[in-house]
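Note that chain A is present in both complexes that follow, paired respectively with chain B and with chain C.
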Partner chain A sequence: MNSPHLKMPSFSHSVRDEAAGSKVFPTKPASLITSGSGNSMDQLFRGALLLSAVSVLAIVVLIVSQLYLQSRLSIHQFGWSFFKGQNWDPVAGDFGALPFIFGTLVSSMLALAIAVPLGVGVAIFMNEMCPRPLRNVFSYLVELLAAIPSVIYGLWGIFVLVPLMRQFIEPFLAKHFGWTGLFTGPMYGIGMLPASVILAIMIVPFISSITREVMLAVPSPQREAALALGATRWEMLRIGVLRNARVGIMGGIVLALGRALGETMAVTMLIGNRAEIAKSLFAPGYTMASVIANEFSEATENLYLSALVEIGLALFLVTVIVNIFAQGLIWSITRGNTARSH
Partner chain B sequence: MNASYIGIRRYLVNHLATALSWLAAALVLVPLLAIFGYLVYRGFGSLDWAFFTQIPKPVGESGGGMANAIVGSAFILLIASCIGVPLGVGSGIYLAEYGRGRFGHLVRFTADVLNGIPSIVMGIAIYALVVIRQKHFSAFAGGLALGIMMVPTIARATEGMLLMVPQALREAALGLGIPKWRTTISIALRTASAGIITGIMLAFARVAGETAPLLFTAFGNSFWNMDPTQPTAALPLQIFVFAISPYEEWHRKAWAGALVLVVLIVAAVTSVRIVASRGVLKGSH
Partner chain C sequence: MIRRFITLFCLAAIATAASAQTKLNGAGATFPYPMYSKWFSEYHNQHSDVEINYQSIGSGGGIRQVLAGTVDFGASDGPMTDAQLADAKTKIYHIPTVLGAVVPAYNIPGAKGEIKFTPATLAGIFLGRITSWNDAALAKDNPGMNLPNVPIVVVHRSDGSGTTYVFTDYLSKVSSDWQSGPGKGTSVKWPLGLGAKGNEGVAGMIRQMEGSIGYIELIYAEQNKIAFGTVKNAAGQFVKASLGSTTAAAASAKMPSDYRVSITNAPGKDSYPIASFTWLLIPAHNADANKQKIIVDFLNWMVTEGQKMTSQLTYAPLPAEVAAKVKATIAQLK
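Entry: the complex of A and B
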């Protein structure tokens, strides 16, 4: 494209301009006077931009108000007991969301427990240990891991991870760790454990990219000071980098938690979708997001639909709070340099 | 450093930490390679010409393809881009050029909130907003859900890129008497265009694989549909339906569809990376 950037816009020749201009600066060439029409175009331009910025606000307000309106019926009917009830019985019209809240929390926490050491380890590897030529390749691969759609993780989970769980991993865990009570009962392959594992794989890239970023934000004199005092590489990382970056790393972890809480497809395909609270991680569970995904289009009763939307509203509020908290933590380290997710 | 100099415990801990970080890297690569390897293995085995040209056959009949889902996805993504790109770029320009005050911070904060909304919740919200009113599922509703999800990514990318454009360029243009709007479009936006397009492609790649927001909006369809007011098939939706079905033939189709989807997304992410590595500002090198 070679359109001349600096050419005067043609509308600057409008009659109004010349009239307004000639009054004040009679000698000024008309073609240079753009303030009149330029100003009104500026107003228009700014107005259009303002409109799109306002629409971002409007969209969020609309989403919240729609979720509230659609869930009013259930909110009025059940009140706070909605979040304490264990019964989910669409036929009897009795709805309690506790099994879903339990499933969401357990799967997300378990996923974090697996993903945090991995994610932080990968970040340390990429920033400090990785041979330079490999660094780009590795960060590209981790980026790909973040780009795979949820439904494909679910597909892979059903056909690879679940048989693997059923035949090898779950029998192994039952044999050696069955005494904890967490690994007992029939081994279906699907259930809380594979859902958490797939969630963990999905959130590792988030944790590692933000950890890398906050580690890079630590001023290098911190490292140099530690090295000068005779620290080994690990001691330098622990004292000079990780200690300074820990708030930001926490932020990355909380951000990953927000992702895990709302993750739908892969979890729905692997968790088994049974609304009960079980101690064993082999048992099928259900999450807030997956009950919506599975039952929303079947919900014909108004109350049923309303109860599902209320779960959505609760999920929305929780993820918003978690995300705001995470942004605050990350911001306190990177000081306003927006944390990028890639 | 050797063990005798720093002490055996510190020496061991240092090497243990190094080994653990290598292990973490290896453990993360394993699922990635396993997913891609299995995807290529199963996907290529199931891909054929009919996959791209035919619509799904009923259960029990072999053959058929996902042509309607591929076209449906393209259609929904076109609608999404028509909504998400102007809104995202527009609010990004606003934030960069006018958004220093309190209102700008409010918009930035809201964009972050919008970015964090779980995709399934976006699906219900659009269902309540559009589908209940129209009284049926539609491609438009699906496109709207995905379009809204593109907005925060594009807005923040646009803002970031515009802020990287040197202020002196704008001042030079303004000093020549060019009005602010023209300066923004012809100087700032053009200089930042490569970076902004990168952001748009990332947002596009992100929503292209989204399934959850389409469940109750576009809904899916076993036949051709090019009417924006009617339910429409989409590739991720079709993969989901086929994956959870009990039929071997449909599983094969799901793998083929997954391979096509992943190839498209990887291509987008890779080209973004290539563009970004060359510098996102025009004339910056």
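Entry: the complex of A and C
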């Protein structure tokens, strides 16, 4: 038992020997060159990687098929009108998903509109202007935002953001931008706008972290060239850095959008949970993720349950469509520019 | 030293083997969860060989699980429908355990004392017909009360819940417009208002928003010192929700043999009108006879000893006559 080479029999050796019914332990020292173990390990590794890749595909297929199977009742009952219907009445058994799709898209887009300038601005500041000792502190704080659980955001929203919205921000918006029709109606402090603001805060770290990394990857000769041509600091950033980094920044935005579309807890605490399509951002709304989280546990009727699962299917489809759209956008922006981005 | 460890280990092993525990699994309603969890732990203290796990996944989940047979018993704040009972493989008994009441809680700047609500004003507010606190209908019922000209903000539950079921069941009984409109259910299509998650969400929103009104569990309102109004009952009396008036409502209601009864708008001058039983859902047969024996024993303990613990957790106990009737029903389970 104590001969040195027995301590490391190769896996393939043991298996082969066992299979052949001969001695369990190899008598010769295992060697990469002579035994061919490297080759079989490669095969094994290849198999393992293939398995991981296939498992991702399998999970997606399983999710979609399960969502479809569970929502067949509702699909059969409502057909395409499910996606166009505006009525959500569990008592009458009439279900339409449009207010939820609308709420999900509007809150996510509004969140992006707030978070993209903020996130990119934070990244530029940290990379280009922030004094070095402060940089780590800033970077730590921004990343901390990503680690806060969403229920904490929700609570903060209820106790801090909502009163702030009701007393200051919404009256201000109503007074100066009320003519747009987006900022009218009763000011609850709860509704589409605060939900979007909280979403924006939640996705800023995604955008800023990725933007920072991408900006760091831009070769410094690009900056130097811009400066050498007499560019100001802003021009250097715009032409030399941001222009080259935009593919990566878009990637960060798509990631952030994914998070915004699926975010549930913080949104449901602030959006007002009302299945209605309103023009005003002060009005309460509802998102697909929220209605599933809210109503699933108490849904007893089969059709009701099935409709909730179909909302899940709709959320999946919306996510896929939005991602395809975003990929298309990236492609159209970067067309012919890929060589310059690296 | 080692020998001692081995001895200890063996002893421990024997001890575990000897106390081969019977584990019962239940799932369902969230409203009675604190009470059930107290009962189950107390019962476990008295019968160390029995462990009852209860997951408060919601009444809907409880009904689904008991129909699927994945739990030994379910629990629900609303009775199962005839269609659901027809789906069941075995007969399912509804065993009432405790009572809950739902109160109209509000935040009105400058208002002192309790506001009196009638069925008409409550339905009017939640239908969106009464939109300001100084509405004539409210003023008529509350003479001498300084109700301000503040718009009413309706807050309701966004999550499906037994509380919503009880409240909408009440509104459906007292208002034909409500019945033909939103109707009753654990989630309904509210004509107006903001949705908040859980009793705590509704209470939090009421506290923050001037002019708001919502409905929450009595226990929650009392524990958190939230102002709530009295409601005019079927006998024409304005009654404040309390454990006493809730039990009174249960006592005055006519009890059917399967206990699937709604006690909202109950007769009797002491009855609080927005109250409800909560039920355990017990299948008539359990594949494991021993488990069924334990369930029966637990239920017998629950309607006698268990009822004495209800008031410390501010749940209303079953009226004596209902408890006696339940005991007779439990005997059928064997």
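Convention: the second predicted complex is superposed on the first by the 255 of 342 C-alpha atoms of A that agree within 3 Å, B and C clash if a C-alpha of one lies under 4 Å from a C-alpha of the other, contacts with A are read in each partner's own complex, and residues count from 1 in each chain.
The criterion applied here is as follows: contacts are C-beta pairs under 8 Å (C-beta built on N, C-alpha and C of every residue); 3 or more make two chains touch, one makes a residue touch a chain.
All figures in this text were calculated on a predicted structure; none of them were measured in a lab.
In the superposition on chain A, contact of A:269 is made with both chain B and chain C.
Residue contacts after overlaying the shared chain place A:83 against neither chain B nor chain C.
Contact comparison for chain A: of chain B and chain C, B touches the greater number of residues.
In the superposed pair of complexes, A:190 makes contact with chain C only, with no contact to chain B.
Of the two partner chains, neither chain B nor chain C is touched by A:331. Contacts of A:152 after superposition: chain B is touched, whereas chain C is not reached. When both complexes are overlaid on chain A, the residue A:233 reaches chain B alone and has no touch with chain C. On chain A, the surface touched by chain B in one complex and the surface touched by chain C in the other have residues 158, 269, 293, 296-297 in common.
On the chain C side of its complex with chain A, the touching residues are 57-61, 63-64, 81, 84, 151, 153, 158-162, 182-190, 193-197, 201, 204-205, 208-209. Contact residues on chain A toward chain C in their complex (touch as defined above): 87-92, 158, 162-163, 166, 186, 188-190, 268-269, 272-275, 284, 286, 290, 293-300. Chain A contributes residues 3, 5-6, 8-9, 32, 34, 38-39, 41-42, 44-46, 48-53, 55-57, 59-60, 62-63, 66-67, 69-70, 117-118, 120-122, 124-126, 128-130, 138, 140-145, 147-156, 158-160, 201, 204, 208, 230, 232-235, 237, 258, 261-265, 269, 289, 292-293, 296-297, 308-309, 312, 315-316, 319-320, 322-324, 327, 338, 342 to its touches with chain B in the complex. Residue ranges on chain B touching chain A, taken from their complex, read 1, 6, 10-11, 13-14, 17-18, 20-25, 27-29, 31-32, 34-36, 38-39, 42, 86-87, 89-91, 93-95, 97-99, 103, 106-107, 110-125, 127-129, 148, 151-152, 155-156, 160, 173, 176-182, 184, 186-187, 190, 202, 205-206, 208-212, 215-216, 219, 236, 239-240, 243-244, 251, 254-255, 258, 261-262, 265-266, 269-270, 273.
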